[in-house]
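Sharing a structure, written as structure tokens. Questions coming.
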């Protein structure tokens, strides 16, 4: 299945990321008023044996969006210290998936972030994660 | 850094997995008395911009081990419906990482699984996940 | 420390709840445009041995607000099937604590809800929970 | 329904706990080779409107067992910083519920603990929590 020629209006390729993010990409992003907005097309290498979007892939994608939202609040190096995800729906080959994330709170050295992955209006995954400034 | 020639004794290459697992591998596994035992070497494409093992990669690796443990208890198709991970340590390029997982309980259509990723005796990540039979 | 005479404007006593909620109360609530808004004063029986608000108490309070938000979206009996909480701050005797919760998504038989407990503008706890219609 | 006269052999009343734990008790404990073992009888004030054991009560009970297990590993003051629970079954008035918890790992200032609440051999709840030394 060929990838659609273009992501939705306003999204630009998210280049120059780290090796793992590049390896599981490509990803796009779009400037957002609040938090961050990422996106990707489900390609063959994102799927499981049942031919649907692999849960671990949605989680890894969303982890990147959550980390980006933490960094937007506090522009300093940080690492994920915990993450909890709920899966509510499945994605399929060719789908355009969006990830939205926004920092909710922070203390001296932690940032709490929430986000969700969506296909259109359907929430596929919701995540709550904590990042630690390092 | 070249990959060590061989994983620890008893581990064999975990082949014929789905596209996403193959893409982020390679992984090894070893027969275990209880639950499952997986492993991988941290390669360049598993790292983040800070040169350490990407948190999303450990989570995706461990998700695979947890799913395998669920399948060992109930050999039927299942999907992850939630997963919660705590990070306690970091991995680095060249490290051998092991993932251990074991089903804890089940009801009619769910299997609860716990696991951890280790580098030697150090727990890098602990996870609790729920799988749903589909 | 005597309890302040009155909760903030707009809050009314949340009566006629189940035995456990009544036992760990009293709680107040306030009509909200979105989701639900609960509140309580930290009393002596809500504290731990260190004299601060017990974490289990905040969690139990917030669980009630989350359940209420689920019920507001789908007015049918439901039970908590999972809940994940992050603690970011502590409460003390006499504090007025507010809990805000809002349903994020639903599928055929589950409702995903998020909420937080606050003391003034400080987030003390953030929670993500899943409820199942029964 | 009258409370059974006695808990299972080896359990003794867990007295002199903090105000909140005492308020939602009574609880019993039994010396364990590994980790900790707590128990309680489901009384009327532990139930919800549907007449079953309130989810928030199981979570608060298990939080106490998890904290105790953290303290057994590192006998110093600590607070819960996150907790994630999965519910797999329900309890009813008069049931004897046991909570088992064991520390899995620690770093410089955190202790990771796992536990479960059981009714006989049935797992009602599984929890993973992180405690921070304060």
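Details
Order of writing sets the labels: A, B, C and D. Residues in every chain begin at 1.
In the analysis below, contacts are C-beta pairs under 8 Å (C-beta built on N, C-alpha and C of every residue); 3 or more make two chains touch, one makes a residue touch a chain.
Given the structure is predicted, the values throughout are model-derived calculations rather than measurements.
Counting only chains that touch, the fewest steps needed to get from subunit A to subunit C is 1. For chain pairs C-D and B-C, the one joined by more C-beta pairs in contact is C-D.
Of all the chains, the one whose CA centre sits at the greatest distance from that of subunit D is A. Inter-chain centre distance (subunit C to subunit D, centres taken as mean C-alpha positions): 21 Å. Averaging Cα coordinates per chain places subunit B and subunit D 29 Å apart. Note: centroid distance subunit B to subunit C, computed from Cα atoms, is 35 Å. Listed for subunit A are residues 82, 84, 86, 130, each touching two or more other chains. Listed in rising order, the residues of subunit B touching subunit A in the complex are 17-24, 44-50, 54-57, 59-60, 63-64, 77, 79-87, 90. Of all residues in subunit A, those touching subunit C in their complex are 82, 84, 86, 88-89, 104-105, 107, 110, 112, 114, 116, 122-123, 126, 128, 130.
Those residues of subunit A whose C-beta lies close enough to touch subunit D in the complex are 82, 84, 130.
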